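This report refers to the structure that appears directly beneath it.
So that you can tell them apart, the chains are marked A, B, C, D, E and F in the order they are listed, and the count of residues begins at 1 in each.
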Amino acid sequence: MTELTHLNTRGEAHIVDVGAKERTHRIAIAEGQIHMAADTLAKLRAGDLRKGDALGTARVAGIMAAKRTWELVPLCHPIALTHIDVELSLQEDPPAVRCQARTETVERTGVEMEAMTAVQIALLTIYDMCKGLDRGMIIGEVQLLHKSGGRSGTWERPTAPG
Amino acid sequence: MTELTHLNTRGEAHIVDVGAKERTHRIAIAEGQIHMAADTLAKLRAGDLRKGDALGTARVAGIMAAKRTWELVPLCHPIALTHIDVELSLQEDPPAVRCQARTETVERTGVEMEAMTAVQIALLTIYDMCKGLDRGMIIGEVQLLHKSGGRSGTWERPTAPG
Amino acid sequence: MTELTHLNTRGEAHIVDVGAKERTHRIAIAEGQIHMAADTLAKLRAGDLRKGDALGTARVAGIMAAKRTWELVPLCHPIALTHIDVELSLQEDPPAVRCQARTETVERTGVEMEAMTAVQIALLTIYDMCKGLDRGMIIGEVQLLHKSGGRSGTWERPTAPG
Amino acid sequence: MTELTHLNTRGEAHIVDVGAKERTHRIAIAEGQIHMAADTLAKLRAGDLRKGDALGTARVAGIMAAKRTWELVPLCHPIALTHIDVELSLQEDPPAVRCQARTETVERTGVEMEAMTAVQIALLTIYDMCKGLDRGMIIGEVQLLHKSGGRSGTWERPTAPG
Amino acid sequence: MTELTHLNTRGEAHIVDVGAKERTHRIAIAEGQIHMAADTLAKLRAGDLRKGDALGTARVAGIMAAKRTWELVPLCHPIALTHIDVELSLQEDPPAVRCQARTETVERTGVEMEAMTAVQIALLTIYDMCKGLDRGMIIGEVQLLHKSGGRSGTWERPTAPG
Amino acid sequence: MTELTHLNTRGEAHIVDVGAKERTHRIAIAEGQIHMAADTLAKLRAGDLRKGDALGTARVAGIMAAKRTWELVPLCHPIALTHIDVELSLQEDPPAVRCQARTETVERTGVEMEAMTAVQIALLTIYDMCKGLDRGMIIGEVQLLHKSGGRSGTWERPTAPG
């Protein structure tokens, strides 16, 4: 028998029964980066200066995607998020855009996937905006930093991410 | 004036005009990995053995997400993909699941974002299935390997990815 | 610092934290109109007579859009509506179709946006059906009439709308 | 006056007010079949053997569709399912694929539509995979087997389905 | 090797490559029925009389679902339909609602799935409206009647459906 | 018989057959306004100053909604837009935010609905951001300014909008 909770006793994908779990306050924080050439970063910064739409568009994309996580990830429960915050910052050395997302709910299951999805789609949006300049950009270090709430309690990533 | 094509002459986000571009055959290939503990990989492999639903679910998630890329990435054009293939493989050393996605269309704009999105959502789905065992998994090296077709021609990633 | 709650302390868009708010019964009523030529209205009325599908389609469109408000309006919380009612009526002088929508929930945040969205999409659907006859139609006076429930209590539009 | 609860006092479609109903544990089980030529069934079985993707894809399709029932069926309430399980089995005589879906929630309204939708879309997915071999397949006997929870209590289909 | 085109050479689900196929005019017609108690049918008819919203809502649901088929059925190509028509009729003996849907496109792949999906969701919507009266309703005989266009040419169901 | 093209010969809603129409370059421009108290406008301007996220979020919402018009408006054809531009400007006297949207495609049917939808959802997003300050805001004058391309040729709104 499998130890993957997302497979049922027949070994088939299912959505885990959380009906007996309590609604509690749950928080997740995830982060990730997109690495790019220094020149690409400079142009992204310049493009963002006038109206803020380069980073702003990625931020909105991350927020909207977090709400739709359950439509994208097949075995995720539908969740009504009570808070979403997506932060993007330009990093000089090495040149990259870093994204951190925080999601919260008061539900029967955690919001780690929602935070991870927000980071992924926000970084994809940066890729989309800059790909005409630099197709070699690499998205990486997408990871959970923190989760709290629910039966399994609090989890913190052991070593501080770079 | 900005060099980001996704910002218009006022510096604001817009969807680039591709009406004058020709419909041509376009291909993109992207890849990425999710790194996990060796024990997590072993359990994923064992869980997948019975019905194939562990990797199969991630494959379907990637395929379905590729079709919805334009709903997720704000400045992407809607595109009718003519082919999607998502391949997932277990890697032993270091332990990871590797995903490669190929997308094709006959349209006025490329399908790089669709291939990248397929990889991202397939890997997120693996994360979802294994997170009860291992919250420390890291998604990385999500990158374009190849694109061809369209005015900008063929692009290949210079150095072979790990 | 901004007074717009939808911007965080960094001045960036976020989804406001409502985790600490109570679930209470909330109601919103919104309305709007689409103005058209008298002849267009006559043909809309005639077309609706046989099966009721002209107004019926707009009604269903409004109902379905209300449920998806959070997918469309980036900073709206996902909400599970417990009641939606959309009413459309033909007005003779001046010629117009008037829409009124009522939405309800038992949640941590209000349903004004859901009522406004129902009105907007129902009126757009009327525009779509009649645009072959009359491209000059104008949608207007889309406004909240009433909201109740939640911390900010009841609000009524001061002057009765036309 | 109509006895259809989904029509309001004016005879118009609306989403029934469930705000005063209690959140209770609700379960629904539905089933259905797709009938096909014996040769088609044999090829489906053979195709499924290698990776499990034939039945696995239909299973995931049913699960994902169940979550989106309220987007598809106009007068359904949005519901956050707490459990979804979709089972597909090959039947020899007569040749068919049978699907059974179970959905659960802790909400103000039942989940029959979600179980029925899961069955319908899973069977459609089988149709899609096999239609190159056999366009004559017929989907039938899609029906509710059981529902429990809520004011109307438990309902069981009187005669055992085949 | 499998004979299911929706599995690739590795036996895994993929979206078949249709890039080399020509855009041609394609048509599909599908039908199905929902069987119900005579009394339920009488009440459905009565409820529909005032505004037409009982059948009208199901018709709109079928139309809207047809457009979203590729979001629901994992291995379907995204298709821009050029025509959708959904017809619902009340049948007395045995008591049932019959649905027939016609879909058309000018694309590289057929629209059978779109016609089947329209029928399925329209019938589900009837189920939803009547389930308060009659949980025992059964959806059946959902089948393709006709398809034309494309490399495989015209297909007609051999025997006339009841 | 009806003169509404969106009703078929039976008087029922359908999606008009455009299969025989040619793919031509089509453009639509629409506009609308949201009227608000002068103080609300001042706070919106102030909130937008830091990062541009107040207007930027509405712009992105309008762009994303335009792409999904066919999901919202039941009888709209699915269309692949080739260009979307949404412009928002603050108006002092009377205090309002004005939105203008331009949509383009190379398809068999026009893009008026897409431009109108972009305007509606962008203005709704402004309403959402400011509703904590001012629930009395009114959305109005949502109208088509221009359309060109296709069999019916060019249409311009006769009198210049305010």
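Quick notes on this one:
The definition used in the following text is that contacts are C-beta pairs under 8 Å (C-beta built on N, C-alpha and C of every residue); 3 or more make two chains touch, one makes a residue touch a chain.
Values in this document were obtained by computation on a predicted structure and should not be read as measured data.
By the document's definition of touch, common neighbours of chain B and chain F comprise A, E. Taking the mean Cα position of each chain as its centre, B sits at the greatest distance from chain C. Its interface matching that of B-D in over half of the contact pairs by residue number, C-E stands out among C-E, D-E or B-F.
Seen from the Cα centre of chain F, the chain whose own Cα centre is farthest off is D. Interface note: chain A and chain F, two copies of one sequence, contact each other through mostly matching residue numbers (shared numbers exceed half of all numbers used). Centre-to-centre separation of chain B and chain C, using mean CA positions: 37 Å. Each chain gets a centre from the mean of its Cα atoms; for chain A and chain C, those two points are 31 Å apart. In chain D, the positions touching at least two other chains are 10, 12-13, 51, 53, 56-57, 59-61, 64, 68, 74-75, 79-80. If you check each pair of chains against the touch rule, the ones that pass are A-B, A-C, A-D, A-F, B-D, B-E, B-F, C-D, C-E, C-F, D-E, E-F.
Those residues of chain C whose C-beta lies close enough to touch chain D in the complex are 25, 56, 59-60, 63-64, 67-68, 79-87, 104-106.
Within the complex formed with chain F, the chain A residues making contact are 51-53, 55-57, 59-61, 64. The residues of chain C lying in touch with chain F in their complex are 2-7, 10-13, 32, 43-44, 46-47, 49-51, 53-54, 56-57, 60-61, 64-65, 68, 72-76, 112-113, 116-117, 120-121, 124-125, 127-133, 135-144, 147, 155, 157-158. Residue ranges of chain B in contact with chain F, taken from their complex: 8, 10, 12-19, 70-71, 74-75, 77-80, 107-108.
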